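Shown next, in structure tokens, is the structure this report addresses.
Read from first to last, the chains carry the letters A, B, C, D, E, F, G and H; within each, the first residue is number 1.
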Amino acid sequence: MKIAKNSKVVFIGDSITDFERARPYGEGIGFCGDIGKSYVAIVDGLIKASYPDAHLRVINMGVSGNTTRDLKARWQTDVMDLKPDWLGILIGINDVWRHFDTPHITENQVGIEEYRQNLTELIEQALPILGGGLILITPYFMEQNKSDPMRQMMDAYGAVVKELAAKYGAVLVDLQAEFDRYFACNHPMSVNWDYIHPDLASHVLIARAILKQLDYAW
Amino acid sequence: MKIAKNSKVVFIGDSITDFERARPYGEGIGFCGDIGKSYVAIVDGLIKASYPDAHLRVINMGVSGNTTRDLKARWQTDVMDLKPDWLGILIGINDVWRHFDTPHITENQVGIEEYRQNLTELIEQALPILGGGLILITPYFMEQNKSDPMRQMMDAYGAVVKELAAKYGAVLVDLQAEFDRYFACNHPMSVNWDYIHPDLASHVLIARAILKQLDYAW
Amino acid sequence: MKIAKNSKVVFIGDSITDFERARPYGEGIGFCGDIGKSYVAIVDGLIKASYPDAHLRVINMGVSGNTTRDLKARWQTDVMDLKPDWLGILIGINDVWRHFDTPHITENQVGIEEYRQNLTELIEQALPILGGGLILITPYFMEQNKSDPMRQMMDAYGAVVKELAAKYGAVLVDLQAEFDRYFACNHPMSVNWDYIHPDLASHVLIARAILKQLDYAW
Amino acid sequence: MKIAKNSKVVFIGDSITDFERARPYGEGIGFCGDIGKSYVAIVDGLIKASYPDAHLRVINMGVSGNTTRDLKARWQTDVMDLKPDWLGILIGINDVWRHFDTPHITENQVGIEEYRQNLTELIEQALPILGGGLILITPYFMEQNKSDPMRQMMDAYGAVVKELAAKYGAVLVDLQAEFDRYFACNHPMSVNWDYIHPDLASHVLIARAILKQLDYAW
Amino acid sequence: MKIAKNSKVVFIGDSITDFERARPYGEGIGFCGDIGKSYVAIVDGLIKASYPDAHLRVINMGVSGNTTRDLKARWQTDVMDLKPDWLGILIGINDVWRHFDTPHITENQVGIEEYRQNLTELIEQALPILGGGLILITPYFMEQNKSDPMRQMMDAYGAVVKELAAKYGAVLVDLQAEFDRYFACNHPMSVNWDYIHPDLASHVLIARAILKQLDYAW
Amino acid sequence: MKIAKNSKVVFIGDSITDFERARPYGEGIGFCGDIGKSYVAIVDGLIKASYPDAHLRVINMGVSGNTTRDLKARWQTDVMDLKPDWLGILIGINDVWRHFDTPHITENQVGIEEYRQNLTELIEQALPILGGGLILITPYFMEQNKSDPMRQMMDAYGAVVKELAAKYGAVLVDLQAEFDRYFACNHPMSVNWDYIHPDLASHVLIARAILKQLDYAW
Amino acid sequence: MKIAKNSKVVFIGDSITDFERARPYGEGIGFCGDIGKSYVAIVDGLIKASYPDAHLRVINMGVSGNTTRDLKARWQTDVMDLKPDWLGILIGINDVWRHFDTPHITENQVGIEEYRQNLTELIEQALPILGGGLILITPYFMEQNKSDPMRQMMDAYGAVVKELAAKYGAVLVDLQAEFDRYFACNHPMSVNWDYIHPDLASHVLIARAILKQLDYAW
Amino acid sequence: MKIAKNSKVVFIGDSITDFERARPYGEGIGFCGDIGKSYVAIVDGLIKASYPDAHLRVINMGVSGNTTRDLKARWQTDVMDLKPDWLGILIGINDVWRHFDTPHITENQVGIEEYRQNLTELIEQALPILGGGLILITPYFMEQNKSDPMRQMMDAYGAVVKELAAKYGAVLVDLQAEFDRYFACNHPMSVNWDYIHPDLASHVLIARAILKQLDYAW
């Protein structure tokens, strides 16, 4: 597996990552569930099961509702100060969503240029301290109609993530592609009525998609 | 994978299985979490991720605190009436535990002979309707000192499960062995102060142990 | 307006109609909100505002989650015993939805033939006691992609409603068409993430669509 | 309709306006109900239904219990900073009511001269930034006995609103007259035991009264 | 005082009497407040203060929302079985009110003839077991406009109480007259926005009105 | 009655006075109960019933657990700033009680000399602004055994109140004597298990004792 | 110690015994606190500390508010069916108390003859099945004034317990004497304002008094 | 007994000591339970029972989760400012536990050298003001397998306590030895599933162990 033993691994993002994690840090005694219930906990569990001697320190730093703008405001305390070896970022869904669920509240919408700029700044600030590596995960929308305006915008933001992954040599997880593969055989309504928030099964799907890119051995 | 497409899969047991599942049936709309948060949900998620077209119907029928005696009382409604193709059973921890946490309340303790008898009856009643197969999972105690009296008793009950798995041709999951492998490198306190209830990471470990015996392909 | 003074008007349906109405009957002292907060209350308010001497008795009999199967089970107590002059029916969304959000729980799904049959029985039982008239409202899905499988099925069920409205001379409210007209200029995400439950503004839209068919004068 | 497309419309007042709106701003994602449940939401819904392409931004800034004195204290942040195109004001009920429900707590009562002065200041401050227009709504008391002392005082305060509407060229909504028209055929007890707070039906009546003055086409 | 030492005194009625009394019987240990907080407790306290050796047993049997129809249904268990020496009845407000707050729900309204009939039956059933006496208290409406329809109806029902008091030789408490005397100098809004439910001060006024008719010595 | 019309009357003390009054001031709209449920509300009600045109402003400023030390700390804001015409003080029970319920926590006990000193300071500060008069109420203990140590101490503190009432010409209410008169015929257990906190009936007794000294006419 | 190893010991009584025990049986896993927090738990702890190999099964069967009348009603299920070796009874406080806190509710009071009769029946029913022995504990009142009427009555009931202990050869615990010894140096207010319910320290005192009579060795 | 009459005795530690004590000080009126429910309350009760005239002031200053590091931070306010005569310290369990339940969160772990240093500083600061004496209680782990890594570390920390007790002449309570004695005949599961937190019975055991070292006479 690409992640070395005893590494510290931080995942940061929005509600997809957050999912009831503890504050201020999403880690703690196992049964307390402080790591939350998202893909972060599943990644942690799968690594523990396959590599019981890996002794990774996995920390969930997601915050529900966050956009790249919010990440910038807490990047120092929530990422830099933690000195992670590996950093996973899954952000952008709210940057897009606010254009559609509150189209008139324009001050809460993050346009694609600001998104690229914000994400670039976050990456450039973090890269120098990452002894391990960077994982970039594309935002997604479970809607399978690619001409839907929100899906179109989400795909455009996902393209920015791919572009930056290539530019900075990050591990790329094309999560939209993973979901599209799954929804080729299933209707998104079976996961969540809102086409955004994964159920526990879909969090497992996300975790698997990430680990596939990290040479994890089942 | 051994489980055929479109199969109905029921898991039954105690609090390890239950973990906040819905009543009367532990299934439902994905994001409602009705399947609970135990290894059952992880098994469901892992299969969905690898076999998106499997369309299994996975149902969690665990009830916290149950012993084999309790399973007998609800076997008709909670297993037989559901007509499952596959059935997974993880039971025995409470049969053993009551000898130690309430040693004076003897009427709540299930001795090993009654345990074997109960489990045999459950299996023989269910086998004829299982078009798929039976999965037997050993009870476990995270305590690594094999001379501890409760660990000794748990091992004895686990041996009964192995004996019955062999007798009835069931898929056997030696969960105690899986946990021992994990705790060779980790202290049980990092999972749960009570050495019994898995954290989410350990539920992933259980799910993996089950799927390993079902020829699941990651 | 088509509805005569002093009429008793009952609306029945699912969560769209229900919206926190009182039990067992959705009516009561004004400020207690027993009529709920759905389009039923808005219809009541609009009629009161334009026709202060109409003195209608408007009763909300919606129940969240209901399908036509559920309406049959409570039709006698919840419609027939009330002896309404006018009856409005908005049902079918859950008949369709269960095929998509819980595709494996087939016993909860109402197929189109059963839907037609159920609705026909309800109408034929009620028609003889309706001194005023019958209002049939089509189910809808806010999704604007007409090739989406759930939208397709919803359109088919809506066609049944239109067919029955013609057959029995009911007032027809093509609510799907109303929403399509609205979403031609707006994205459904601005109403509700689940594309089903109206916000208060959309309840006003529903109320207006109904009153438009009743020769209501603003 | 008098209000142009893409306008920002703010309504401010007391509990009649407030009705469970979100803080600090009464707007947001549709189904979250952040706009509250008062006439403001109904106005928003009626405009959306008739003019789906209007794309107004309607914001509810009511605060329960407010008098003109309270509005002065929050006018900068709650009106001026929002830069509305249109502004609707419904205030004065509490200015009057405190003379009657707590006659001995004189420091909480706003006399008619202070009321006129406060309201004048609010209007003169806001008028220069309103690109659209100003809507002034008279306070009201559902009591139909015009010789009741509280009704008499409310009528006097309502006269001040009419006077200021004329002076500043505002759109005037004579809400007391609207209610009197309604209560000519109905007893106020059927709306609310306190003769002040509208039920949802009466909020619809208020919304209609406002829209009637704005050339809204049903 | 008319009530003899060691008498058992029962008061029955609606929410005015009830005011948080204990179930099934409104009596108990002093500090537990089981007698409720209405005029019944004040009557009890005033008698205890002036006649510390009276040792009355005062029981509050009011039930919120009750009409004479409801009293009939519970008269055997709640009055007859208690074998009171004295009985006080304050009923009729809800019999009238339902005509005005829910004018369309006619099945909940008790007309004046039924009111007279119900009250007569209650009195005739109780009189034979009352060793002490009967106290009849008129219903009231704080509204001071005597041409208000609800006030007019309340006065008519009050006249029935006076008529029956005369017919059966009961102690009459003209509570409407008491309140009118008070509201000659005060506005009803200072007691309660709903013009019906007394505040604690008005409960003291009711208690005083009752005791005035019982030759209570302050 | 000694208290002139339109007077402002403040009562201050401990939990006996407080009894769920509102903060920061124990007054408000009648039905809201902001004046609390203690003798203060009963005094208010009795005066309103007998003198409906008195228009007193009665304010409850009791705070549970207070001693004279606590009164000193809040005297400026809670008495002086209110500018009362009449002031009633019932304090001292906690000054005594802490010697007996927490004998080892000596820092919470107010000795008799400090009690006299505190009370003197409070009185001398308030007297100059009282246009009406001062009411001093003795603390009490329901215990009827006068050789009980806590009763003895309470009697001593009560003597201080009498001494200061005489010195400053205050209206004296010997509440201990009132309770002794009552308990000559009744056991204190019937009021409250703790022999301190009055039930509602005993609050009426206190109110009557106060009004007896104010030439109140029933 | 008089109680043999492996004995089953049941304590029954009122709130003194009960103190938050579990239902239906006051025993269970240690940390769950099902045995409650009364002297029963302290007795259990002291025996465990001094005799770790005693393995007693101690069960708390107290029910708050109980009198001997209540014990009779549940004696079969709550004592006889449990087949205890030893039985401890602490009852009578409520039999006495109801004469004083609710003197007028005579139907809830258990007179001394009925008390003797009830207790005799309970003892005679239980004695034949007690392989170990019977413990009778006198009721008590912390009041130190022996001429107080409630103390006098409590002493009389305590004398009945002593009489029956002698008659049936039971172990007698004179708990009133124990408390009198303690209150010779302490005021009862330091334990509880109500002079009845022990604090945790006094529960230890009760436990010690019981164990003193059982030849317990510290 | 070693502790003189009228002494002030403070116990400080972690959750074992804390057990629901009041803030900021764990003392108060007896029945309020402010002293908590731990061994501190039992020690208090046993001394009161045997020495009713001792009049100790016992204060519980435990705080759940504390390590020696936390004690240092609050030593001035929570110990020094209280000026105790006797001081009991039970600390170290969390210092050890964090190495095992959160092995990767190293910043929360207190190593043995820091533990010795912290404890030394606390003792040296307190000793000069202790007019009575110092009680040092060893931390413990109920696990009976002495080769368990956490038990080994706990024993090492316990040895530090013994070393410092000898060095500073403190009363030593070897609580681990006490528990080992108890668990020679009982399984730890019967106390608590987590092998750390005592049930009420085990708190009695701790209290007895402490009093044994203080020449307490039962």
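Everything below uses one rule, namely that a residue touches a chain if its C-beta (ideal position, glycine included) is under 8 Å from a C-beta of that chain, and two chains touch if they have at least 3 such contacts.
A quick note: this is a predicted structure, and the numbers were derived from the prediction, not measured.
The interface with the greater number of C-beta contacts, when C-D is set against B-C, is C-D.
In terms of residue-numbered contacts, B-H and F-G present the same interface, as over half of their contact pairs agree; the other options in F-G, F-H or D-F do not. Averaged C-alpha coordinates give centres for chain C and chain H that are 67 Å from one another. Each chain gets a centre from the mean of its Cα atoms; for chain C and chain E, those two points are 45 Å apart. Annotation: 41 Å between the Cα-based centres of chain A and chain C.
Centre to centre, using the average C-alpha position, chain A and chain B are separated by 32 Å. Multi-chain contact residues of chain B, defined as those touching 2 or more other chains: 29-30, 55, 101-103, 186, 190, 193-194. Across the assembly, chains come into contact as A-B, A-C, A-D, A-H, B-C, B-G, B-H, C-D, C-E, D-E, D-F, E-F, E-G, F-G, F-H, G-H. Chain G meets chain E in the complex at residues 101-105. Put simply, chain D touches chain C in their complex at residues 29-31, 33, 35, 37, 41-42, 44-46, 48-50, 52-53, 55, 181-182, 184-186, 190-194, 197, 199-205, 208-209, 218.
Residues 27-30, 55-57 of chain H touch chain F in their complex. For chain H in complex with chain B, the residues that touch the partner chain are 97, 100-103, 144-145, 147-150, 186-187, 189-190, 193-196.
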